[in-house]
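In what follows, chain A forms one complex with chain B and a second complex with chain C.
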Partner chain A sequence: MPKQSPKSKTSPPSETVTKWLTVTYQPVSLFSLKRSDATSMAARSNLVPTPYAIKMALLKVLLESQGRQHLTDFDAWIKTEFTWIRDLIIYICPPEKLVVNRNGYKLRYYDQTADKADKTRPTLPMQDGFVFREWVHLQGHLQICCSAGNRLSELERLFSQINYFGKKGCFFQYLPDGKQETSEPLFQPNLTTGFTVQPMDDLGEKTTFNRINPFSTDKAQLGKDRVIKSGFLPLKLVATSARYDIYHRY
Partner chain B sequence: MTFTTDTNNTLEHHKFAGISLILKQVLKQDANSTNSVALESWLSDIQPAPVWIPLQIHDGITKIMPVLPDSGLYSQLTASICQYICGGNVSQCLNWNNKSYQFTGVEVDSDALHVILVSISANEPLPPTLGRAIHAQCFQWFATANPALSEHLHQQNILPFTVGIQYTSRQRIQLKITLLKPELLAPLLWGLSQNIGSEITLAGIPCRLGQWLNVVESSSFEKLMKLPTQNTIELQFVSPTSFKQHQNIQPFPLPELVFNSLLRRWNHFAPLDLHFPEVKWQGLVSAFDLKTHALKMEAGAEIGSVGWVKYRFLDPEQARIATILSRFAVFSGVGRKTTMGMGQVRIKN
Partner chain C sequence: MTQQLFVTKKFGTYADTLMMLGLVQLVEYALRETHQKRDIQIVDQGTCYCLQLKQSINLELVAKLNYTDPFPPVKGQKTDVSKIPQEHEYFDVVEVRERRTLFLNYLFQQKGKVEFNEDAPKPPHPSTQNGVILTSMRHDRNHNELWFLGWQIGENYGKFLVALFTAFSQETDDFTQLVNDLFTQATGQKLPETASAVKIYLPTSVQGVNRVKADSNKVDPQKTDWLSLWLIAGGLFQFGISERIKIAERVFDWRVVVLEPQDIQLTKYREVLDKLRQFNPPSGGHGIARFDAELVLKFCQKLLDYHQSQADAETDEFELFKPVNQFVSNFIGTHFGSKGQVYGVKEVFTLGLPGWISPENQQELTEYNQVLSEHLSVITTLSAEEGHSELLAAYRDFITGTNLFNFFRFQVSYADYVVKRLADPKAKFFPRLFSINGLNLMVKNFNHRQNEKELDLRDITEDPGFLRIAKAINSATVYAGKDEHGWDRIYGLAQRLSSQAGSKKDFIIELSSFIASYENENLRIDEELKKKGKTRRIWTNKDDLDRVINLIEEHGSSLVANLLIAYGYAKGWGKSQESNQNDTNDGTDTELDNIAEGETEND
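On to the complex of A and B.
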């Protein structure tokens, strides 16, 4: 029997070949998603949804559509479902044009500190504030490419139910005709044209559902349960000022 | 989209002309809150260490080029930049000329054709003809990066660069250098970087180069091939232009002289699969406004035409080739002595 080379030992068997699913969305409202490394209310927005935001959107539609059917075996069910969603490899292809608008708002918001200090107050404590928001106008289609494994149909069903990414109300319309199944990722970072860097957060390799569940006492840790990596987006900055940025896709 | 090691392989086989870092200026208080590093110390582990050349700000975008003497080193540089980004150092502030910047991205230039502008000023009036002096200075800049390259260029009949000189006043000129090969941008900028913001001597007069470089235009042979065809082409001859015709000098830009000169240069520098066959030009001059201009050179006066000419092509294939060549003319110049300031053209329509 010929000696097995180290390479052949590591190559996956043919039946476990990863399938990749690419889905397409039409942005239908302005997009905003605070960068995960932001510490203040006045924050910059990501240009496109991050893998973390996409996985959270998948988890949301999963729980909304199937959660009630698993009231008795919820813990076991969510553990399996969460694991495959957590392990998805996600590539994002931004739309052809993006315009980032920077706006300042004067608004009144709930003052938690005043409320805690005096719980007998008859009225809600509000405070004046000035916040700075970035809203991104996406022109064209947003594509998401995912390693689907053997969950292709399930993943597609979940993607088709998503109607927003990022901040609530940042609507995206799923386009069924834009779905593609491939044996290789449809797109990957190409550093030979140039790129724009965006911090991309993702779920950690060993994160559990309870760590990200706000109703659980388990705490998520930055760097372990929420990992921030550098994302390379195929975008070219064509104009910028204090009020706006314009990007074109390479 | 995150960085993968697979992209390193594609970087090695990619032909780079240049790389620019895209920076965004940040407010002083933001800059103080994070650790900031000097841009010059960035990538200092690369040998040779890149020199940093700022490009003129366009549409609010600050671009700074890390320049190396040989374009072959850019794949290593790009890989180092990516590793630096993946190492989590992106959120750091970068200091450049006492200002703080945030790194936002990288622009890769793979184009073959470039137009570079440099402003030059002197304390005394400059002579009306600086062509020869700037021609020599360009070879000096190439020699600073690579003496063998400069020597090799010197022996060529058709040179892959041109020089244009525009007088903005008696003491100020705008120097335009165009390049027709991607691998020439790195050595030229490396040589130029030694003199940016400092003094050089042109025709015995001390001159000072501006603080900025401006890569105003870049394109590739492939991009020019995709231009929509025009039947009428209007060329403006901004510096004296003349041609050699039957061992004599012809100052009138006849269609066959202009487009044959461009076709020869195109076929010399373009990739083999983009070469054009020989053309028996049947173009017509439909209008013109020209005058002769004598350019005083060391060996005597050179006469050329200055003004504009409108050419018309009835044959669609000839019109297609002429459209491509006329756009190429912006980079290659037309006719004789294009490396000494003659034959500079612009497209009017």
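On to the complex of A and C.
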């Protein structure tokens, strides 16, 4: 049973939403995506990409492939493009097996206290420390089902260009043969079989491109521009130890 | 009607469990003080915990309750206690820690057997280490601040509890707001708003980058609402298991775990946990893996002890005979690594519980308890300091997972360790072995799935051919080497057999080569042993090898190899053989039978 995006419960699909596009990816490296309620020092990972991460990936490939052609009318162009990407309803079907590996890394990071103590220092102060990271091994295919509306071909083109979700370097291979177009979502939520809860973030209903654009000064607010709700993944925790968790799909 | 309370899981770490535990102890307190039925069942419903009460709480009585500490303020050597009212009692960390040290020393001298006589020191407070970690990690100030804000509610405490129980009886996402509204309605006052989310309470919300928009690397301290943190602080203090773990010479980390309930009564949960923390805590002096392994083993022991006492009291047996992980699902924890002056979150983890411990009657309760003691006696001889980290980590993977194959991974390395140790003249003690009876009990509950059908491992382990070859391995390795026996020990056999176990052909070659050399040795020494009247070795025959090859064909070489190693390096061959003779006469021979058989074949 895939995750239901928060919007799908509240707002009825618009009239244009008639078709659903399901795309399939083969994970080719370990996956990691910091949960949005965790901090960088203790970054627990989501098990699968969240709708927020998927929409960001779509936006990234959109800007990279078409942004240059709209230098003159960028604001108007991105407004319409962002709106339809923002309003996508996304369901995710995790692969058959997942293994979460827990790691600790030693690294050097920004020392805020030293920076505050001496504002005149020419270099950024760093300190030694360690951080916690989780890396997820996905075995099988990841499927994403999306309300395509009248943007089916465009959406498909964008999905086919995506090569990573989550942290940079978490590569996924798009499988053209795994593409399906249906009139109903391919996976239906089914809470009776059991599930694993994962906080899923998504773009807010009224957010704008500038609110999520790091180069703009518009402020983003938690709960409005980035909404975090519980998502239910059809996964069962079959074994767990200090260093790993193993999940199987129901 | 407040008969069920729901605590939604919103943090995804042990904070969820701790918050529920913080609430449940308030419910228990309210029921106790107002003389209502106190049975509380804690049920994990996936997205939330459900606290199921026998009867609806009478909230009118609860509203009249006075303030009492859900958790005490703590005072370490350097804690600033100027805010704590003078007459108020606090948790004196220095004092309780001394008491614990005294008790643990006594326990060590008594070799774990507690005798309650006059000389015996008093058992420590079960939450001692939870107080110590707060001062050690410099969270005592945060903890005391949370307490102080709670204490200030004072006269309205009863009404606060009513607001709390009413809010949690409704399945709501934002209970903080609801409690606040209800409390304000009832009293006209407001609850404290926010407090610092320190790492011990919310391990993934430590100071660090966490921004809605990736526009800066500003490192902010995290804030959360006071109510959640106050509940978490109560849960952690009363129910957490904290231990200082030795990592290296004079380097100590902290590990905090909490037991995740699945479907269990609060009284049982509390009693089992308190006994574990008070009388027999897992040791932190020998590395992380040993702590985890001891934690799981000792917890299971205490749970089975509790079941034993319940079974003796003739309560509903139906409730008792289930796998251990039906009552509680796992331990959730956080490892705080030492960074010199401060501690950082190094790991957020869970430790599973051995689901194969599933006694079906009172007899099995005792047997499983013996198995646990046996395992405990094996791992307590291993220590990270003496270079056994890999063995301990392998064992930890087994005991915290639910897969028997992880046991084989450990057993292969342990088997060679045992033989090495046996050969070491300087070794202080004889290495401990697992018993055959214990292994039999373990394999009983592992159903191996093969070719779409469930396979009972006993099909292999009760096969006479398998048993005779395992016994041959035993007599050539563990049993051998002593002068009085008169034959040499084979080294590295477990490693050799295991390394060839990937392929049927290679494994059969390796096994045959072992049996050939074993039989050669038998031919060489048997006459002499007979002359001297010494115990003679088992003779394996063609039929045994045929049977094992059949098993390999049927079940694969890896499984059979692993089981052969596990049984070959176990203890109790003499005993089990005798009991087999008493039970059946189906070909599993006694020592005497073997000799007779050997003679006939020789003749």
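The rule is simple: the second predicted complex is superposed on the first by the 216 of 250 C-alpha atoms of A that agree within 3 Å, B and C clash if a C-alpha of one lies under 4 Å from a C-alpha of the other, contacts with A are read in each partner's own complex, and residues count from 1 in each chain.
In the analysis below, contacts are C-beta pairs under 8 Å (C-beta built on N, C-alpha and C of every residue); 3 or more make two chains touch, one makes a residue touch a chain.
Note that the coordinates shown come from a computational prediction; the quantities given were computed from them, not determined experimentally.
On the superposed chain A, the two partners chain B and chain C do not both fit; they clash. In the superposed model, A:80 lies in contact with neither chain B nor chain C.
By the touch criterion defined above, A:92 lies against chain B but remains apart from chain C after alignment on the C-alpha atoms of chain A. By the touch criterion defined above, A:230 reaches both chain B and chain C.
Of the two partner chains, chain B and chain C are each touched by A:197.
Contacts of A:241 after superposition: both chain B and chain C are touched. When the two complexes are overlaid on their common chain A, residue A:188 makes contact with chain B while staying clear of chain C. Looking at the shared chain after the overlay, A:129 reaches chain C, while chain B stays out of its contact range. Of the two partners chain B and chain C, more residues of chain A are touched by C. Once the two complexes are laid over each other on the shared chain, residue contacts for A:211 go to chain C alone; chain B is not touched. Once the two complexes are overlaid on the shared chain, A:120 sits clear of chain B and of chain C alike. Only one of the stretches 78-86, 276-284 or 348-356 belonging to chain C has C-alpha atoms clashing with chain B in the superposition, and it is 348-356.
Chain A residues 37, 194-195, 197, 199, 230, 232, 238-241 lie at the interface with chain B in one structure and with chain C in the other.
Remark: chain B residues 1-4, 6-7, 10-11, 14, 22, 24, 59-61, 78, 82, 85-86, 88, 90-91, 103-108, 110 touch chain A in the complex. Against chain A, the residues of chain C that register as touching in their complex are 9-13, 46-47, 199, 203-210, 212-215, 217, 219, 222, 288-289, 292, 330, 337, 339, 344-352, 396-397, 400-403. Only residues 37, 91-93, 187-197, 199-200, 228-241 of chain A touch chain B when the two sit together in their complex. Note for the complex: chain A touches chain C at residues 35-44, 102, 104, 110, 112, 128-130, 132, 194-195, 197-199, 211-212, 214-215, 219-222, 225-226, 230, 232, 238-243, 245.
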